[in-house]
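Input: one structure, supplied below.
Letters A, B, C and D name the chains as they come in the text, with residue numbers starting at 1 for each one.
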Amino acid sequence: MNQTPDSGFAKIQYKFEKIKSNKAFELFVISIIVISALLIGAKTYPLAPSVQQATLIMDYFITVFFLAEISIRFIADPNKKRFFHSFWNCFDSLIVLVSLVPIDNSEMAVIGRLIRVFRVLRMVSIIPELRILLTSLVKALPQLGYVMLLMFIIFYIYAAVGSTLFSSINETLWGDITIALLTLFRVMTFEDWTDVMYETMEVYPLSWLYYLTFIFLSAFAFLNMVIGIVVNVMEQEHQKARADKLAERGETEPTLSDLKAELAQIKALLEKKHHV
Amino acid sequence: MNQTPDSGFAKIQYKFEKIKSNKAFELFVISIIVISALLIGAKTYPLAPSVQQATLIMDYFITVFFLAEISIRFIADPNKKRFFHSFWNCFDSLIVLVSLVPIDNSEMAVIGRLIRVFRVLRMVSIIPELRILLTSLVKALPQLGYVMLLMFIIFYIYAAVGSTLFSSINETLWGDITIALLTLFRVMTFEDWTDVMYETMEVYPLSWLYYLTFIFLSAFAFLNMVIGIVVNVMEQEHQKARADKLAERGETEPTLSDLKAELAQIKALLEKKHHV
Amino acid sequence: MNQTPDSGFAKIQYKFEKIKSNKAFELFVISIIVISALLIGAKTYPLAPSVQQATLIMDYFITVFFLAEISIRFIADPNKKRFFHSFWNCFDSLIVLVSLVPIDNSEMAVIGRLIRVFRVLRMVSIIPELRILLTSLVKALPQLGYVMLLMFIIFYIYAAVGSTLFSSINETLWGDITIALLTLFRVMTFEDWTDVMYETMEVYPLSWLYYLTFIFLSAFAFLNMVIGIVVNVMEQEHQKARADKLAERGETEPTLSDLKAELAQIKALLEKKHHV
Amino acid sequence: MNQTPDSGFAKIQYKFEKIKSNKAFELFVISIIVISALLIGAKTYPLAPSVQQATLIMDYFITVFFLAEISIRFIADPNKKRFFHSFWNCFDSLIVLVSLVPIDNSEMAVIGRLIRVFRVLRMVSIIPELRILLTSLVKALPQLGYVMLLMFIIFYIYAAVGSTLFSSINETLWGDITIALLTLFRVMTFEDWTDVMYETMEVYPLSWLYYLTFIFLSAFAFLNMVIGIVVNVMEQEHQKARADKLAERGETEPTLSDLKAELAQIKALLEKKHHV
């Protein structure tokens, strides 16, 4: 607050803060992210060697630009410690630092390309609306904790029963409990689930019971998960609407309690007169 | 307003306005649109040459009728400029004008038939309820903008990773980023997604993680899109209901503030008497 | 009302009305319907000739019983004309009368069996809760009229385009407009839709646009249909709840208008005193 | 209540009650259940003989531990009769008792392993939140009774028609009514339903009507079931919210009736004065 902007570092910090909060700078950063995303997409096509050379140069430029941008944001922040308390700052820094690691070896090239893909996620960190959306999505998850635990228990029991009974019928579908879990997820998405069923029905003719009960239980649990989310969102909307209405009314609208207090005063006045 | 209907053109305009707002005329236009739709359907069947000749003649008649109808509506409109401000008027005019272009060449015949298909859409422009429905659907879209952007980012990242890792396994499914986006949309609709997965699991045994996380993320984002629409629609219904209730009550039902003002008057009366 | 139960017919009517409204009789009718349903199911299994003979006899018995039951209900009704105003009475009578038609000819036997299947629907007509449920379902349909019309227009346009462009590629999927409508319904249920798409993409590489826009449009229209139903149901529930609350409160809870009238009286009293 | 804890048994009961309500003991029980679940999962993998020996020993230990735990809980309960009135206590006891039955015979070993799988369900009985969740899910079912009955009637009629008409076309899909019910469930999940349809369309070209009406009817009934659940859950949430609001307000907020009573008193005071 009372830092003198005369000192060298403070001057730079002040300048960088101005750059950071500049709208044009923000748009420039977004366009660089979009270009980096398009570059990643372009690399999945077969390219002429000259174009490939160009993408390599652009890649270097983008890496350097991102490094510069994160440095500006770091220097602009008056409180260096708090900078890394923000999840999105840490995320951006990590993306930038990891892509600095030089990868010449051809075997590692694929990993290098994969890491660069996550630069697209910087889109989320730079657009506030997307950040809020993602935060609210993540916040909704823990409320679903117990329904998801229940669903996992259902899956686990059916997978244990399935791999015990059916592993001798089809090793690739019911070999062990993890493979059986994957097969059950497939059944839940209705993906060729009857092929899986008809195969086991040849050995255990009643095994349709296994599949039908599983589909009903998992669909029912899933439905409850969805309803849970819907009810949560609706509740939040209602609370927000009610809070807005209260704030808007402010002091103007009296409550019933106010009226009762008023009436009590009138009665007191009347009774005083009466006794006089 | 103060145009004299004596002048020649104004007379015609007045007459055409009467035709346009005639209920019977409207029904006649709708039935012509239905006939034109049936004609389009009939042409997809193998037809005898004589019938084919008949459809050609009917086609000419419908084209001429639509031209006449749009002319009547244009001339009937007192404000010629405003006529093309309406999206539906422009749409109707375009459909009519394009189908005027003569197509004799057999190669272009298919394109001519395709353009005539869009005449069915005139059904939407002529029935007000459908127009309102479509307008409200289109209005709901921008509110979903950020969720759709988030969904596209998820798709893009997974498509980039998929085409980087799996393009050597199956060129037709993961060849480049656009093909990979289509494959991911297929996975999202659960269409034979396990076939896609089992193929890549032979090379990367852990690639089921790629598919499961994608399905969970995209389903979660999709669910939020649906909930967003539902909450929006509900909110609009509530506001409409509240507005209806207020309008219906009108001045008859006093508010708590009215009662408080009343009480203040009584207190003032009492206090005046007291001090007398 | 003032019918004398002495007259012969009135006596019978009175007796039959007692039978009809007897709880035990109703349960007996329901159990006969259940037996008739089980009989229909049993006939789909290969049966020994002796058992087949038994089912035939039971079938005769059930036909006669249903005829007797409908006669009792008809005679018991004091107003014979109104009897056939009820949809369910007509439905029951039709089912009973049709199954009276003797079918000996073996070719017609299948039709006879099919007609008897609809006896199961008598379950709906005899249980009031099911009748109410079905009535409310049917009542919800017309409110969806315009969304369904819009959906049909979308289907029709895509079917016309599809059968125009793709009929030469696959005659069994796109041969004419009705086949194309069926194929599009299949695409909408995501049933092997990629097989349909990959086939046409070999000739028209951009035809994925056709499928994707269709899926988005139909899913969006379908979503709106579902939301429309949900909002309708919710609205009805709310109105019922509000009506219940009002009825429960009755006269006990005064309105704000009552209080205002009360205040006006007090003010009048005060002012009278003041002027005295 | 007035039992003297001096007596031998009462002392033990008191001690066991302390153990039972100990938080550490509860966590220990949960971790044993998790270990038993992992053991069940591990057994689905091919294991070395030594490891197999180890799992056998652990299995014995877990059986003994569960027996001890249920005994402690039984002895700790002051009212022995009420102990078996709780569904979860009975469930736990059954699981423990059944797994006590010695299974040496290799043919019965699979059954023994299957019974042990249900130990995982003890997770639900020990975590209160899961128990509440499951109870509320089960409670929601009877409210759906009539919609499910209606759905079963739809399925039964279509299965009877299907197995009557199509059993000669494909014995494995339409052989008798139970197989037909399974096939219809498959059609309802959209699992390769067009393959089923195209096969019967070769004999009955209009059989697409059968499938389309079935899909529409079952989807419509299913939709109503889902909406029924959603409306129920919402209603419960609203009632809970309203009850919370009332409880929170308590006596502080007066009702309109209170105000009216107050006004009546004032009027009485005024009138008394007037007449004096």
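Going forward, contacts are C-beta pairs under 8 Å (C-beta built on N, C-alpha and C of every residue); 3 or more make two chains touch, one makes a residue touch a chain.
The shown structure was predicted, so the numbers you read here are calculated from the model rather than taken from an experiment.
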Remotest chain, chain D as reference, centres from CA atoms: B
Same or different contact residues where chain D meets its copy chain C, judged by the half mark: different
C-alpha-based rotation, chain A on chain B, 0 to 180 degrees, nearest 5: 90
Distance between the centres, which are taken as Cα means, of chain D and chain A, whole angstrom: 30
Interchain centroid distance [CA atoms averaged], chain A/chain C, Å: 43
Interface hub residues of chain D, defined as touching at least two other chains: 190, 192, 230, 234, 255-256, 259, 263, 266, 270, 273
Pairwise touch network: line, ring, star, complete, or other: ring
Interface residues, chain D side, partner chain A - complex: 37, 40-41, 43-45, 110, 113-114, 117-118, 120-121, 123-124, 127, 129-130, 133-134, 137, 182, 185-186, 189-192, 226, 229-230, 233-234, 237, 241, 252-256, 258-259, 262-263, 265-266, 269-270, 272-273
Of all residues in chain D, those that touch chain C in their complex: 146-147, 149-150, 153, 156-157, 159-161, 163-165, 167, 176-177, 180, 190, 192-194, 208, 212, 215, 220-221, 223-224, 227, 230-231, 234-235, 255-257, 259-260, 263-264, 266-267, 270-271, 273-274
